[in-house]
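Several structures are given next for inspection.
Two complexes come next, and they have one chain in common, subunit A, joined by subunit B in the first and subunit C in the second.
Showing the complex of A and B:
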């Protein structure tokens, strides 16, 4: 078990009129190498939850363990946690600040006190992982396109070689191809490096395409924690929480209601296509 | 008369060094001709950097053409005397609701625009009430905007524009930061303003499923308009859209894939219901 939340509560602005109970008794276990989707409406507590994972916010009560160690223990090294759990914020390109792509990405590893060679290696590898070519390495990050900037910002986190990568809405504002490029690269990274990935998103289609397990937050509670297919089969409950299932899940459910024997365990276009082909094949003469 | 008309609109971002010498020129819009009729609902699609936002900023004279011209409601945006009238008739809503709300109470925020136009108090109060009702936020009028959800904030921002009584609203990715419910709220608000209040709408978005309500869709690529047509026409050209870094809604893609497998399904399916109906007809 890589990350464990044990009855974690968090209260913002405690004792003032702005007091808000943002996390209400979260119990959660995350295993190494999982690809997890975290969904929930605006203000449901998603961002508060992920900021606990690398110790940016300290729980009001409850315990958090990283690789079996209590992160609130006085002997626990918070610096190590922060380098092992990489958090990519929304619009991370707003945090680019250096004069060249190389300097920006190498800023993190340099601060870890690594030698020049190791810093170089990590920087080049991270940029390669996000698909930024050598031709851009000396460019100013501010001259790049929106999608490129975002990838450089993500590379800055990857250069820290985190074991856990948390991304808060990494595709907001990107065009559909840019969205696919970033998520494909993250999926590849997850597969090749066995990095644990937690993807926070409002796009149910992205969640459906990439993750295995979904966490659903609602009003500070972790209300669902199951594999993808099971979560989306509860789409009526999701709608009550301002969420939804992917469009194709609605298609197969509507067909099923009309008596067509399709499986409703469908969340992507490919799955839907195969399921419909299977069921319609012997029913229609000429296909 | 057209609400918005552009002829050979070209815009270049020119970068200069400290000495004022031109360092680089980036042609963001390249000869765009656009005709938008009053009351139309237009959607603009395009990859990042294709020129959508630059185009939008020309419509309320935040930017002026390098070459060519833009007319809003018959007024040329390059003439300074038209500026106030143009900004009054074409309102803009941006991506981040938090950057657009300034007051501490919802109704004061909505009243800010008309107040600056020097409109009498009685009339402002009336407009604030009407605008908040039009976006379905009237019951929140006494609340603080920072307690609202993203979708609600965006609707307040739209009400703020409505209170200026514009003829046209330009929305630049208004749902990029919202959850699914917030997106639905904003898009249905925009649709009802278009249908009921006859406001001309120009919606810029990356969410393909928001485009299906538009009368006409324009696709931009590298500063040029490369496709135009009804949503159905545009979404039946799946491969071409993908070439421009775009996509189609999941249900449109599924219909397209099934059609390739020999299913007798119409082109450019836009809604879940349409696809379900088409499949039910095929199933004996």
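Showing the complex of A and C:
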């Protein structure tokens, strides 16, 4: 087990009339190398939940363990935790501050106390991963387009080479091509380096394409925690929480209702295509 | 941490104070501040304290929340008290090396501390119980006579209310950026003065960028809704005094009379403190 949540509660502005119980007893286990999707409607507590994972906010009650160690123990080193759990915030481009793209991305690795060569190496590697070319390395981050800024900001976390990578809606406001590029890159990283990835998103299509396991938040509760296919088969419950399954789930379910024997375990367009073709082929063979 | 700064914030609650006319609260606060600087004796202090405590009680804002506002000025408070304590000339009470504490210094330090504390409590109580909109309306109405001598009253009031409105937004933004940089290993808490000042760069640059962006957005949004300053603007909810407001004015008047009376009488009588 890499990360364990044991009955974690979190209350914002406790004791005032702005009080908000944002997490209500979360129990959760995350294993090394998993690719997890975290979904839930606006304000359900997703961002609050992930900020606990690298100790940016401290649970009002409950415990969190990282690799078996209690992160609220006073001997626990938060800096190590933050270097191992990389968190890309919602709209990360708002945190850029340096004069050049290179300097901004190297801020993280420098804070880790690495030597110059290693910092250089990681910075270039991270920039390459997010598709920022050499021509932009010495540009000011404020001159870039919104999508380029986003990539630079994500590179800033990748350059720290975390073991767990958490992304809070990394693709909100990007064009479809840019979105696929970034997520493909992260999936590749997950596969090659076996890093744990937690993806917070509102796009069911992204969830369907990349993740294995889904966590569903609703009003501060973790209401579902299962394999992707199982979650999507409960799409009627998802709808009650202002969520939905991917489009193809609806297509295959409609087909099934019409008596066509497709499997409803498909989640992406490609899988659905293959499944439908298979059914047709079977039919033709029977004739 | 950063959210502890509560000065200038509105605290929603259902109390008499929340319902009062903003003009009354503005002038009341001004009078209260004057009264703080009138008293310099024990009885005056009691009168002011009784008034402040009862107003705080009436406001239904939790005491803990009000007190948080003091945290922000604790340094200024201590500084002022320190200088008053050691630099006032008079009858020496204690000598500590080259420093000396005088009786007059002790009094003025205590009174100064109390005055500053009350000043902050009183004025933050006004903003706790008055929405920025009401505050702007009240200010604009109170200052409106100045319009005749070409003071841009509406603009001043608008600027003030926008500034107040931006405090929580910028605070939230600061919190967010701080967290984002901490996630990249930034350290805002340890190190010497220079290192700490340097560590603020990753916080301040994005904060300024975002403040300008927000200001720009707001200006656009206002223009898009045809905002063109105060000329010919009418109010959806014009301010009107109710009976309770007249009653509150009466209380204010009585309070001021008492404080002034005390300070006049006490100054004539020999001080026994």
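FYI, the second predicted complex is superposed on the first by the 281 of 287 C-alpha atoms of A that agree within 3 Å, B and C clash if a C-alpha of one lies under 4 Å from a C-alpha of the other, contacts with A are read in each partner's own complex, and residues count from 1 in each chain.
Here is the rule we go by: a residue touches a chain if its C-beta (ideal position, glycine included) is under 8 Å from a C-beta of that chain, and two chains touch if they have at least 3 such contacts.
It should be emphasised that the depicted structure is a prediction, and the values quoted were computed from it without experimental measurement.
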item	value
Clash-or-fit label for the pair subunit B, subunit C on subunit A	fit
First (subunit B), second (subunit C), both or neither touched by A:280	first
Angular separation of subunit B and subunit C about subunit A, which is computed from CA centres of the superposed model and rounded to the nearest 10 °	70
Broader residue contact with subunit A after superposition on the shared chain, subunit B or subunit C	B
Subunit B versus subunit C as contact partner of A:97, first or second or both or neither	second
Contacts of A:204 with subunit B and subunit C, given as first, second, both or neither	first
First, second, both or neither for A:89, with subunit B first and subunit C second	second
First, second, both or neither for A:175, with subunit B first and subunit C second	first
Subunit B versus subunit C - smallest C-alpha distance in the overlay, whole Å	5
Interface residues, subunit A side, partner subunit C - complex	13, 15-17, 51, 54, 56-57, 79, 82-83, 86-87, 89, 92, 94-97, 107-108, 111-112, 142, 156-157, 160
Residues of subunit B defined as touching subunit A within the complex	46-50, 95, 149-151, 173, 176-183, 206, 208-209, 242, 245-247, 249-251, 253-254, 257-258, 261-263, 272-273, 275-276, 279-280, 282-284
Residues of subunit C defined as touching subunit A within the complex	3, 11-13, 62, 64-65, 176-177, 179-187, 201-203, 205-206, 209-210
Residue numbers on subunit A that touch subunit B, as the complex places them	40-43, 90, 145-147, 169, 172-179, 202, 204-205, 242-244, 246-248, 250-251, 254-255, 258, 260, 269, 272-273, 276-277, 280, 283-284, 286-287
